[in-house]
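The two complexes that follow have chain A in common; it is paired with chain B in the first and with chain C in the second.
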Partner chain A sequence: MEMSTRTEGAYTVVELKGEVDLHFSPGLRDRLLSELDDGHPVLVDLGEVGYMDSSGIASLVEAYQLARNNDLDFGLVGVKGPVLQVLQLSRLDKVFPIDATVDERISRDAG
Partner chain B sequence: MRFRASSDQLFGVRELVRETLGTRGCDRSEVDSVVLAVDEACANIIRHAYGACGVGDIVIQILVQGNDCVIRLRDYAQRVDPEAVCCQPLRELSPGGLGMVLIEKTMDRYDFAEAADGKGNVLEMRKRMSLSTKN
Partner chain C sequence: MTQTDPAPDTAQEVLIDVRGVVARYGHRLVLDGVDLEVHSGEIMVIMGVSGSGKSTLLRLMLGLKQPTRGSIRVMGHEVTRAGTRELYRLREQLGVAFQGGAMIGSLTIGENVSLPLTEHTDLDVRTIRIIARMKLEMMGLSDVEDMMPAQLSGGMLKRAGLARAIVGDPKILFFDEPSAGLDPVTAVELDERILLARRAMNLTIVVVTHELESAIKIADRIAVIQDGRVLETGTVEEIRASGDEHIQDMLHRRPRKETIDPDAYLDRLTK
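And then the complex of A and B:
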């Protein structure tokens, strides 16, 4: 899995490429929590992620909970395929804010 | 295939399942479901069955019996109590135990058994697949 960050608008966008599993999810967790601890609202771009397991989902959940506790925005973009399937099976597809793209989320915020 | 019970092996195991079922012409979404179940089961073995001792192997068998995909995972850790591995009700924003939930939702059936030689555990998972009739 590859992970990179960039800034778009007010958000830190954490972009992932590849597959998120037990081996890589700790690094994802650490990055997300670090950004949120620094006070940055976060969007996780999953458009290039072809697989995510429950450990990846747990990282997203923990980050979402921290964001809520710190009154920061947190959302997912580009969710599709097997990642969408896991979120649906976990009944979390209706919990996370999910948008098709970063631009769509930013536009929605401005709306 | 036998592999080390380590998280860095999980990608290779997923690829093995994809390639094996892909050659049988299985429906892509069904293959994704089996991949997820296998990954979750292996992760559970790594984290819980081997747990603190952290060393050991997993043996995976991928079988196609008629229209059923059968996955057998064998570990050499201490016997687990199947009752303790039961599927917990999903609770919102509480991902603990999510792995077993995903296995239960993606596979038609799963069973724990003692290994024939009395060492470790065997998990067998089954899923009815839409197999291609092409060879």
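And then the complex of A and C:
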């Protein structure tokens, strides 16, 4: 599992590659909560994630709630395949703001 | 014909391989040369009447009992020869929903469901709490987290037990008599949750049951066990079309024909 961050527009984009499981998810959680605690809106790019277990999903859930509590924007981009299926079956696809790409989210914000 | 979710394309990978297994309790022969394969992504239902040996087979697969003879490989691990540490690591990838739910009465439902993660991972307590709630929601159990097991109905306890069994995202889920003690409507609801768990988590599931309707609803394949032997393994359609008299008796709910060995009977009465 690889994790990198970059800035696009107002967002910190956290990009993940590989599989997110309980060995990696604590690091993901720490990164997301840290960015949000620093006041940065966050987008999580899941376009290169082939698998995410429940601990990874839970990290996204906790981060989104923190963002809402801090009045910060948060969203997921590039969600597809098994990750999308898990979100759909746990009904979290109705909870998270999800866009196809970072550009699409930024355009939506501007519109 | 009841439709089930089709097993994924990886169905041919063998996750559980049982070969020539013989098992006894004392002098009583319980399993007498069982061969069985469980493929990745499928729901395998092991069916049989009480005393057929099906629950013993489940215990053997989990390494809770050793066979007298034979081999059992689960996800590549030879369970019959595995040491304590290897079994421990293997069981971290398995989920088990026991008959009756097996909840700890002094813990809340949320604490019960969280227990596998609390005990076996270093995940933050808030992460564990979210995961437990997600699994309870998947089982249609919102707002029971703070309730005690004694406050739940039988059906709700079964679903909570299933939530606990899948809380750690296991590769294989074992379910022992899921419908036992449930009314027909609740049993159907539980069957739906089992199918949902398979879809949501790409699970391989082994179900031990004597409930025919449940087996037909959820099974990709059925293995019928009688008197410690596998009579036949096949899809629901193949089992329905079986020429085996015992299987047809089971499908049509005909009582077993009792046979008596006169000499043995006389010996039992007069010994």
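FYI, the second predicted complex is superposed on the first by the 111 of 111 C-alpha atoms of A that agree within 3 Å, B and C clash if a C-alpha of one lies under 4 Å from a C-alpha of the other, contacts with A are read in each partner's own complex, and residues count from 1 in each chain.
Everything that follows uses one rule, which is that a residue touches a chain if its C-beta (ideal position, glycine included) is under 8 Å from a C-beta of that chain, and two chains touch if they have at least 3 such contacts.
Everything numeric in this text was worked out from a predicted model, so none of it was measured.
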item	value
Which of chain B and chain C A:29 touches, first, second, both or neither	second
First (chain B), second (chain C), both or neither touched by A:58	both
Touching partner for A:82 - first (chain B), second (chain C), both, neither	both
Partner chain in contact with A:95 - chain B first, chain C second, else both or neither	first
Which superposed partner A:12 touches (first chain B, second chain C, both, neither)	neither
Residues of chain A at both interfaces, chain B in one complex, chain C in the other	22, 53-55, 57-58, 61, 82, 85-86, 89-91
Chain C to chain A touching residues, read off their complex	121-124, 126-128, 130-131, 134-135, 137-138, 167, 169, 196, 199-202
Touching residues (chain side chain A, partner chain B) in the complex	19, 21-23, 51, 53-55, 57-58, 61, 64-65, 81-82, 85-86, 89-92, 95
In the complex, chain A residues that touch chain C	22, 25-26, 29, 53-55, 57-59, 61-62, 82, 85-86, 89-91
Interfacial residue positions of chain B with respect to chain A in the complex	7-8, 10-11, 14, 29, 32-33, 35-36, 39-40, 43, 46-47, 90, 92-96, 98-99, 101-102, 105-106
